[in-house]
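One structure, pasted below without further comment.
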Amino acid sequence: MAERCAIVGIGQTHHTARRDDVSIAGLLREAALRALDDAGLDWPDVDAVVIGKAPDMFEGVMMPELYLADALGAVGKPMLRVHTAGSVGGSTAIVAASLIQAGIHERVLTVAFEKQSESNAMWALTVKTPLQAAVVAGAGGYFAPLVRGYMQRSGAPEDTGIRVAVKDRANALKNPYAHIRDPNLTFDAIAGSPMLWDPIRFHETCPSSDGACAMVLTSERAIPRPKLAPAWVHSMAMRSEPTQFAGQEKINPVSGQMCAKEVYSKAGITDPRREIDAAEIYVPFSWFEPMWMENLGFAEVGQGWKMTYEGATALDGDLPVNCSGGVLSSNPIGASGMLRFAEAAMQVRGQAGEHQVDGAKIALGHAYGGGSQFFSMWIVGSARP
Amino acid sequence: MADEAKPVTNIKTPMRLEYRYSAGVATSRFLRGIGQGKILGQRCPSCRKVYVPPRGSCPRCAVPTVEEVELSDEGTITTFAIVRVPSENIDVPLPFASVHVLLDGCDIPFFSVVQECPVDQIRIGMRVQAVWVPKEELTSTLQSIRYFKPTGEPDVPFEKLKEFL
Amino acid sequence: MREVAIVSFAQAPNARRELRNEVEILMPVVQEAVARSGIERPFDFTCSGSSDFLQGQPFAFVMALDAAGAWPPIPESHVEMDGAWALYEAWVKIQTGQAETALVYAFGKSSPGDLPEVLATQLDPYVLAPLWPDAVSLAALQARAYLEKSGHSERDLAEVAARSRRSAKSNPNATVSGDYEVEKLLATPHIADPLRVHDCAPVCDGAVAMVLVAGDRARKVCERPAWIRGIDHRIEPHSLGARDLTVSVSTRLAAEKAGVGRGAVDVAELHAPFTHQELILRDALGLGANVKVNPSGGALCANPMMAAGLARIGEAASRIWDGSARRAVAHATSGPCLQQNLVCVLEGA
């Protein structure tokens, strides 16, 4: 009964540590204008705006959609603000696509962003309250023990994480928008980089970026005459579970497994490893690639690292993962999830330039957040579903 | 370029907001316990699992928890990270081990740090014990537990800890 | 559009300072809303509204998930807005055909901070927020402009306050209620001229939950479902200087889209945290003198931030359930001086 949803325009900023030359609004407009231009549409064509970002404390602006309404052409229109922690970029795209699928709007602009340089992300993530012991050092401090647990459980070789980083850093060199584009990041350079949150090394970690991503979504009848054929939403899914409870599986979260099953089954995918041509997965620390390969059902439990090791996830592998360089190479937190969704759509539109997977027809976009507890995913395809 | 034509690329607008937190009912009981040198958890009436610090509910069962359980201050490391990067909110000297400790009698790991042990000797399965501030310095904050230190007991095998990861 | 109804609603007492944490406040409210709905968990969709800045901790909504019942994992989303917009997102999800039931909740713990100051951080971060104009002062600018233009007086504002507080006597969850003489209210000092204490919503902590159900399933579980017959929301320019503060263009537009004018309105629950805003909203919604406004006492008597808008929808639904209204309008607002507004039309048949 749902309307079909097409992705007709995609835009992003050149992600970097500091964008002093633009305001928050300017940063978002850059991505939004690129998406509108890609779609061949203009601000008045947009029916509604859906915006997403991670905690407001990152920029110190409470509910910034209020201040951004003018800059995003939302005046007189409906505007929604989504926040589901790190998965927010993905969830935001899902809310926007739902507006199309529900038949409520014909053309929706969705934008996600983070301008981390405006504040201090580490500070915002670990506000010191008198009630908690201050023992967790930001996201790295939180996730490093989970990585260690995975290493111990799977017996993965210790250099798996380095290999993921080598691949993603090399992919980033093919993506003009990536934040970290450094040809010197060889295996030895990454292996020799300092341990920050042992077992996580500096170069196995995502950067802190200023950046934004935008997409224009339309119903089938409202598809403009874009320069490029649209990508189609084949399926979407979201799953959440509590932060911490007794007996919880933190390394291979059930919410992620369920989300993946749902997104495949709704898209009619029975053998994801074979049927999916490219995947953009939220990997903020390199070890999460093998962990998510298992969680997403691409590999048996305990075997995910072999995909990295055997080159299956490389640009020329059988399941290219993070051809854009991924979160490891660009991390405007609130936008990182939408970038995964958008890059998946770029692949099936044949729009990914140097990091294009030849002939990609079906792609997965994936985002997660919180303590590995919020998941959002979509399957997009070049064919009308 | 003349000054007036140059873009303003940066302004500093310091923000300060003050908050008076309240811990909540369950956490208040827990913190009062800490002030007396005791670690108080809560047992879920439905799944019988014990939580610490308690938040007044079992997230798994989505029911309130009331039954109080006094826990040992000894436990087992289920996993850890060695932190080598400074963090504004943490006062422990670098590098230090950030650990998940499964206190005896509890079903959920407790976040803390380990000291009195070289970081390269910290292992999953290691037995540890809380080191408290002197009795007269006990207050109702988690700062009353300074850190955990090894007890020297034999390690708990990984097989037994798997489900707590 | 697919038929969707509100079948249950619950709220916390709107205390000025809750010593419970957000999960402790929310859990009994969610449990009550679920129990009253007659729908068994799991819900097809769950959506919530809250804002980190209120309690000064990032990811406030993450812990609140403990109260929702998220095991086994649930399809769930969150808006950093008033819960009324969470209800909108849930309604959209049901419209896509991917859900038939939805749990919606919202909470806000404003007491840890200085709310009018905290709300200053909503303003343009480069040119306005650094000046720290507090929310009450901004509302006073709007009130002054409105009184000048409309010919209303401070007495009219006090009458709104007195009527709201009188209505709130029948609302056990009101923060403020009682019989107040207009003369005595007018004898109190201004806090931000022309506004006095009674013109401003009290600061409180609270939580709200409700259940949405589609079509025949709603008829099965609820004797007289409160059907959502229209819902829309619109936003205006952020800068106060760029709008006419004496009218609410976005409310009028949302009301048109939601079809407020398609029939007689019996009851309206308006999210007006300041007395003059009720008058502006009445105009924007085209409500006549015979419409009963804010029988709950409205936000002027209980204003749990991020939950008060959703509470208006719940209160309006309650009037449908108890038969005192056949058609009700609920309204929610967000941002300084009514920048963003949502309008929802509920009908009993």
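Going in written order, the chains are labelled A, B and C, and every chain counts its residues from 1.
As a convention for this text, a contact is a pair of C-beta atoms (placed from the backbone, for glycine too) under 8 Å apart; a residue touches a chain by one contact, two chains touch by 3 or more.
On a predicted model such as this, the values are computed, not experimentally measured, just so you know.
Shown here, the protein chains touch in all possible pairs.
Central chain by Cα centroid: A, whose mean Cα position is closest to the mean of all protein Cα atoms. The chain pair with more C-beta contacts between its two chains, of A-C and A-B, is A-C.
Once the centre of each chain is set as its mean CA position, subunit B and subunit C turn out to be 37 Å apart.
Averaging C-alpha coordinates per chain places the centre of subunit A 33 Å away from that of subunit C. Averaging C-alpha coordinates per chain places the centre of subunit A 30 Å away from that of subunit B. Counting partners per residue, subunit A has 60, 127, 129, 242-243, 245 as the residues that reach two or more other chains.
In subunit B, the residues touching two or more other chains are 15, 21, 23, 27, 59-60. Shown for subunit C are the residues that touch two or more other chains, namely 53, 56, 63, 65-66, 70-71, 118, 121, 125-126, 129. Residues 11, 13, 15, 17-28, 55-57, 59-64 of subunit B are the ones touching subunit C in the complex. Residues of subunit C that touch subunit A in their complex: 46, 51-53, 56-59, 61-63, 65-66, 70-81, 85, 88-89, 92-93, 95-98, 118-119, 121-126, 129, 232-239, 242, 249-250, 253, 334-336, 339-340. Looking at the complex, you find that subunit A touches subunit B at residues 20-21, 60, 120, 122-123, 126-138, 140-141, 144-149, 152-153, 194-200, 242-251.
Touching subunit A in their complex are the following residues of subunit B: 7, 9-10, 15, 21, 23, 27, 31, 44, 47, 49-51, 58-60, 78-85, 87-92, 95, 98-100, 107-108, 111-113, 119, 124, 141-143, 145, 158, 162-165.
Interface residues of subunit C facing subunit B in the complex, by the touch rule stated above, are 17-24, 27-28, 30-31, 53, 55-56, 63, 65-71, 111-114, 117-118, 121, 125-126, 129-130.
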